[in-house]
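In the two assemblies presented below, subunit A is common to both, partnered first by subunit B and then by subunit C.
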Partner chain A sequence: MSTATAAAAAPESAAPPRRPGLLRTAWRYHRTKIGVVLTAAVLLVAVIGPFVSPYSPTAMAGTPNATGIDGALFGTDNVGRDVFSRFLHGGYTLVAIAVLSALAGVAAGAVVGIVAGYLRNWADELLMRTNDMLLAFPQLVLALLLLSILGPRVWLIVVIIAVSHANRVARVVREATLKVVEQDFIKSAEAIGVPRWRIMATEILPNITSPLLVELGLRITYSVGTIATLSFLGMGLQPPTADWGLMINEGRVAITVQPWAVVLPVAAVAVLTIGANLITDGLSRASIGIDRGVEK
Partner chain B sequence: MSGNPQQEAELALSVQGLTVIGRPSDVEIISDITLTVRRGEICGLVGESGSGKTTLGLSLLAHCKRATEVAAGSVEVAGTDLAGLSEAGVRRLRGRAIAYIPQSPASALNPALRLRTQLTEALHSWNEEEQGGKADRVREVLREVALPDDDAFLARYPHQLSGGQQQRVAIAMAFADRPDVIVMDEPTTGLDVTTQAHVLETIRHRTRQHGTAGVYISHDMAVVADLADDIAVMYRGEVVERGKAAEVLADPEHEYTRRLLRAVPLLKTTGHAEPEDDGGEPLLQISGLQAGYGSTTVLHGIDVQVRRGECVALLGESGSGKTTLSRSVAGLHTQFSGGLLLDGEQLATSSYRRTAEQRRRVQYIFQNPYEALNPRKRVRDLVLAPYTHLMGRPEDPDAVVHEALERAALPASYAARFPDQLSGGERQRINIARAIATRPDLLICDEITSALDVSVQAEIVKLLRALQDDGMALLFVTHNIALVSNIAQKVAVLNKGEIVEYGPVGEVMSAPEHDYTRSLIADTPDFELSFGESPMHQGTQAPEKAAGQ
Partner chain C sequence: MTRLILYRLGYGVLTLFVVSLVVFGATQALPSDPAQAILGREAADPARLEALRQQLNLDQPLALQYWHWLAGAVVFDFGTSLAGGMPVAELLGPRIQASLTLMLITAVIAAPIAMAIGAFAALRRDRRFDHTSSMVTLVLAAVPEFAVGIVLILLLATGALQVLPAVYAGSSEDVLSSPDQLVLPVLTLGIAVSPPIIRMMRASMIEVLESEYVQQARLKGLPERTVIWRHAAPNAIGPVAQVIALQLGWLAGGVVAIEFLFNFPGIGKALMEAIEARNLPVIQAVTLLIAVVYVVVNLLADIVGLAANPKVRVSSR
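And now, the complex of A and B:
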């Protein structure tokens, strides 16, 4: 999401003044700014954390489940590793998997949705009915099933989450595409014989970026939730890896004596979710033009 | 006009110094409007889009659009000042004292409610004991607008009615509670002439009979001239001219009023000089063309010829099949059979199976300028797209863009703009520039002025005529018979998928043979200019003199 704000700050080269784009309009809302700050804070912890952590995430730092030890800010976990170091190391995989799977899912969903919405023939039926079948399967059950057959692997988690996102994104994108293909500029391109794939890439895609951005934000949030859940259920990353979901699972037994091992990762996931949602909310408000007012 | 107490009492609507501003920029959308309407009369509010007509119309109902508010002035409806009313008071007033007929009846009627429910809802403050049963009033009001009043009709949903019927239901709803003032916001813009004539007649009759004061908002001088007693001309949020309809039309004082009047196309011209018949093959030859959707045939046995440098008009109401025909020619509608020859060569049904050269020679301009340009692309890329696709990358792209823009009468600096920075008329010019960038031989214009104001329409027609003088052939699709006589040499009148009349414009307009053509001409509002010559009219009359008709 931080890349989105960077793009918003890029200067526009249009000579005459133009109504600010989606990202700029969204940036005007306080909620978007707060969202960006929250998300950036968590991302910063996840990215820079491993380089500044005082201990290795798997090294012993003291007696298990102890708080108030010298040199270990938030104490130690159930086997005596430094909680703070594990927290700093544990975000990287979670965020990377979340962003990767959301990007892959939204990209795949966009392709399926645009093709189905534009061609409107047997391809539409085939894609969307297959989609419906996949949608009927509960996301988490499917993930647990595949992971228990093939074993918990990072690439598999990414693929499973991406596929379950793609179905849902495809539905939204198809609806957005239907609105665009009804417009005459598509017919204008058809009349001069522009190839279908180029119409989809250059005429339709730029006109559905608003719902796509909103979807991307939402899907990142959902990914975080799903990955944390999988890790908690023991189907995600495997010990002794430092991971926020795993930390919650490992720390929950001793939550009364050592709350930090649970509170830190929970707070990070919550802040990331809230931040991403605030950004998404700002984007969707900007895209439907709420509070635009009268400008001249 | 003023000072007469008798007339003061008859005033149904009085607006004094009304100013509406927009937030957050504090722009005055309408400023210092003063307007009065007496009972039983209609005031025509004319102006181009963006002049503040609708904002004024809505403020008469004590309604402001999002982010706008009344900054000064007062509105009095039948003696009640709207400013001092509470939310509940305003609600009681609406429908009973003042009613509104919106532009699009299809979106104004709730598609999920039967007509009976909708019409009864309009009688929310109806007192059954004093005024009789609501059900009786519903039937009565339907009879008043010349619609059936039986149970079967009342049980229908809005989508089961035609556009004209829907608009008459909207009128019936507005008149149901016998309001003192009725505001009509371009109620006939989306309708064809025959339906428009019916609707205008209904409005005229209703206001006269009930002594209702009407405010009729429109951009079309011809319609307002036909209907209104008073005319107020709006320009950039101000009323620039106000007076009796006859006086304003005969002797307009403001320059803008004059411009509006000049823009109205003359209905009857004696036609254009026929281009020299070179005896050669026509550029486009359509013979025995049949077209349809699925198993329904909408076009039967169409024969039309277009020669080089000639403009052939396809005239017909909505549903007559004229867009299907033009799309077939462009290769956008593929379900057709029959002869479609370009320079003697049969064209494939789909544009994808035609050669690039064939696609280059036939270009299509779409009806709605707001939808025909990709909003995410700059004008430069839009204009270049067909050129690069069909003729390869040009050596000097800027020269191509500049030339196309220049021929479409646009400054070269527009190349850097996005479509949403342009007005409707400018966008349509971009469409034209895009179509002529490849130097086509045939230009298909599908109702290209119907979404534009009359004054903009006049400019587009002038532009098309200049292109035609350069040797381009035009297939001009329209439902506006007045436009036909101002641009085309030949006209084909389409009715229910068949050509009922085909010939030179002068002959068809002066001596229509088919009943359908005759009724089209009779239903079109027409008025003669009593001052000066307009540029639009001069253009048609010069060749007519040359032809010695």
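And now, the complex of A and C:
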């Protein structure tokens, strides 16, 4: 909860010791720092990679599945393209799609959750019941079902993952909203006739930023995993695109002859998800105050 | 309590109905012609197109198509496979058995180990074992399971340590005949399902260990072993059972990528093959089956949770 709003609503309670912001509290944990370093390293590869790669990701660089040849640091893939160049090119699509779908999912979930938690009417009932129905499908299987019929398209992947995030986020946001709605500053805003949409946007939303940030981190972690898995299953980005998930799929048959074509993208996906999860854990510890050492 | 369970059951049936609508809607009720989508480039031949439409009942109104499909699905009749013309149920039977075997072995091995790790971490709270296991579960929970599988293949099936086969070779009928081929898939799935169980067991155990009855037992002078095994552990398991059930439900969907990776002949691989071949009846059957398992297991987890909660058990009957 932001101290600013709480203090403004209850000025008589003699300025409680100002808590440091969520991000600063989270930064105190070693795991957050490690997570930031890991994530930043992979993001750097994904963003700068395309500009520094020695070859085009689709150009032939030598015989297929060769290692230890001149000019190709990590050898060639199953068609003869430079593995290192494809690795450098294969990150930004995964990162962009993952972040985009997580942002869209968290935004949609926040709207649904706040509306459901604040209005508490038939809309709440309807939203939460349809949510339960949506939760009945394992995320990956729902994505596979739709992508297999409609064809693997990038916008469709974003929509499917965003929707399956949204209903999970909505539940968390609704719980957080219910706690905020009970507070006096909401009642006072209602009493002076602030429109309900403004209460939701300017009173409730700023007070649930902590759980929202935690959710965003969690959803980005899951998005990266799910999108990489979809690409690995051949239902994500399509050849000849350079994409980490797809590279793993293409390289796994020749894993004994040319392990680099699999090792590089797997390491990148693993490090990225681990980094994102460490940051998320730091954020969630900071937001619920697990930190016993500091609280004392 | 009975009423609550009945309510949950009724709700579960409703959910299953919606799930069937989604599966059917996604596959057969699309504005585009499924027959054309299935045949792809071969759709130019009008005779084949017409034959396929007949086979899929596409000439009937949508509601009737859905009714026929659902009525069949309830008695496990999903029509005939478009590849080979075998009944889908017959095709999937051994696959389901193989997948269930894989899931069962994983559950039987992973759940007790995860619970033991979680309980031990709780006993060693804030000591080195606790910190290590907390960090390891955090890392393993993040990495997508297929990546865990590949790392295991790289470590144990290629390079210096070639102790296990990298992929499964064999039919779905005799999965148990070569146990060494099952090690890597089971290990991967086990690593994928364990972290939440470990964390829940740790949290639950810590809560119980701090309770007054455990304190009382200790004050009575009972040996620590008795306190832990007779007083603490049985009470800590309730909430964990629910998490285990949820993780088993996750397994139903989680096997898809793992079976694809290890070439294991279960329903996950059947789904990927069906997608590859645009084999609509098989896609419908497998996705419906996975969703049904997921819903039913979630329902069971709910009921287990209700039954394990003394407040609910006693107050509202």
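Criterion: the second predicted complex is superposed on the first by the 273 of 296 C-alpha atoms of A that agree within 3 Å, B and C clash if a C-alpha of one lies under 4 Å from a C-alpha of the other, contacts with A are read in each partner's own complex, and residues count from 1 in each chain.
Criterion: a residue touches a chain if its C-beta (ideal position, glycine included) is under 8 Å from a C-beta of that chain, and two chains touch if they have at least 3 such contacts.
Quantities reported herein were computed from a predicted structural model and do not represent experimental measurements.
K.L.:
Is the number of subunit A residues in contact higher for subunit B or for subunit C?
P.N.:
After superposition, C is the partner touching more of subunit A.
K.L.:
Quick one: classify A:Phe232 as touching subunit B (first), subunit C (second), both or neither.
P.N.:
Only subunit C; A:Phe232 stays clear of subunit B.
K.L.:
Identify the partner contact of A:Glu203: answer first if only subunit B is touched, second if only subunit C is, both if each is, neither if none is.
P.N.:
A:Glu203 contacts subunit B only, not subunit C.
K.L.:
One more residue to check, A:Glu190. First (subunit B), second (subunit C), both or neither?
P.N.:
First partner only.
K.L.:
Output check: A:Ile248 vs subunit B and subunit C. Expected answer is one of first, second, both, neither. What do you get?
P.N.:
second
K.L.:
Following superposition on chain A, which residues of subunit A contact subunit B and also contact subunit C?
P.N.:
No residue sits in both footprints.
K.L.:
If we count contacts the way the header does, which residues on subunit A are in touch with subunit B in the complex?
P.N.:
For subunit A paired with subunit B, touching residues are 14-16, 18-19, 183-185, 187-194, 203, 206-207, 291-296.
K.L.:
For subunit B, which residues count as touching subunit A in their complex?
P.N.:
Going through subunit B, the ones touching subunit A are 22-25, 27, 29, 66-68, 330-332, 351-352, 354, 356, 359-360, 363-364, 366-368, 371-378, 385-386, 389-390, 413, 416-418, 420-421, 434.
K.L.:
Report the residues of subunit A in contact with subunit C in the complex, numbered from low to high.
P.N.:
Interface residues on subunit A, with respect to subunit C: 31, 132-133, 136-142, 144-146, 148-150, 221, 224-226, 228-229, 232-235, 248, 252, 255-256, 259, 262-263, 266, 269-270, 273-274, 276-278, 281.
K.L.:
Considering only the defined contacts, which subunit C positions touch subunit A in the complex?
P.N.:
Interface residues on subunit C, with respect to subunit A: 11, 15, 18-19, 22-23, 26-27, 30, 34, 37, 135, 138-139, 141-147, 150-151, 153-154, 158-159, 166, 249-250, 252-254, 256-257, 260-261, 271-272, 275-276, 278, 283, 287, 290-291, 294-295, 298.
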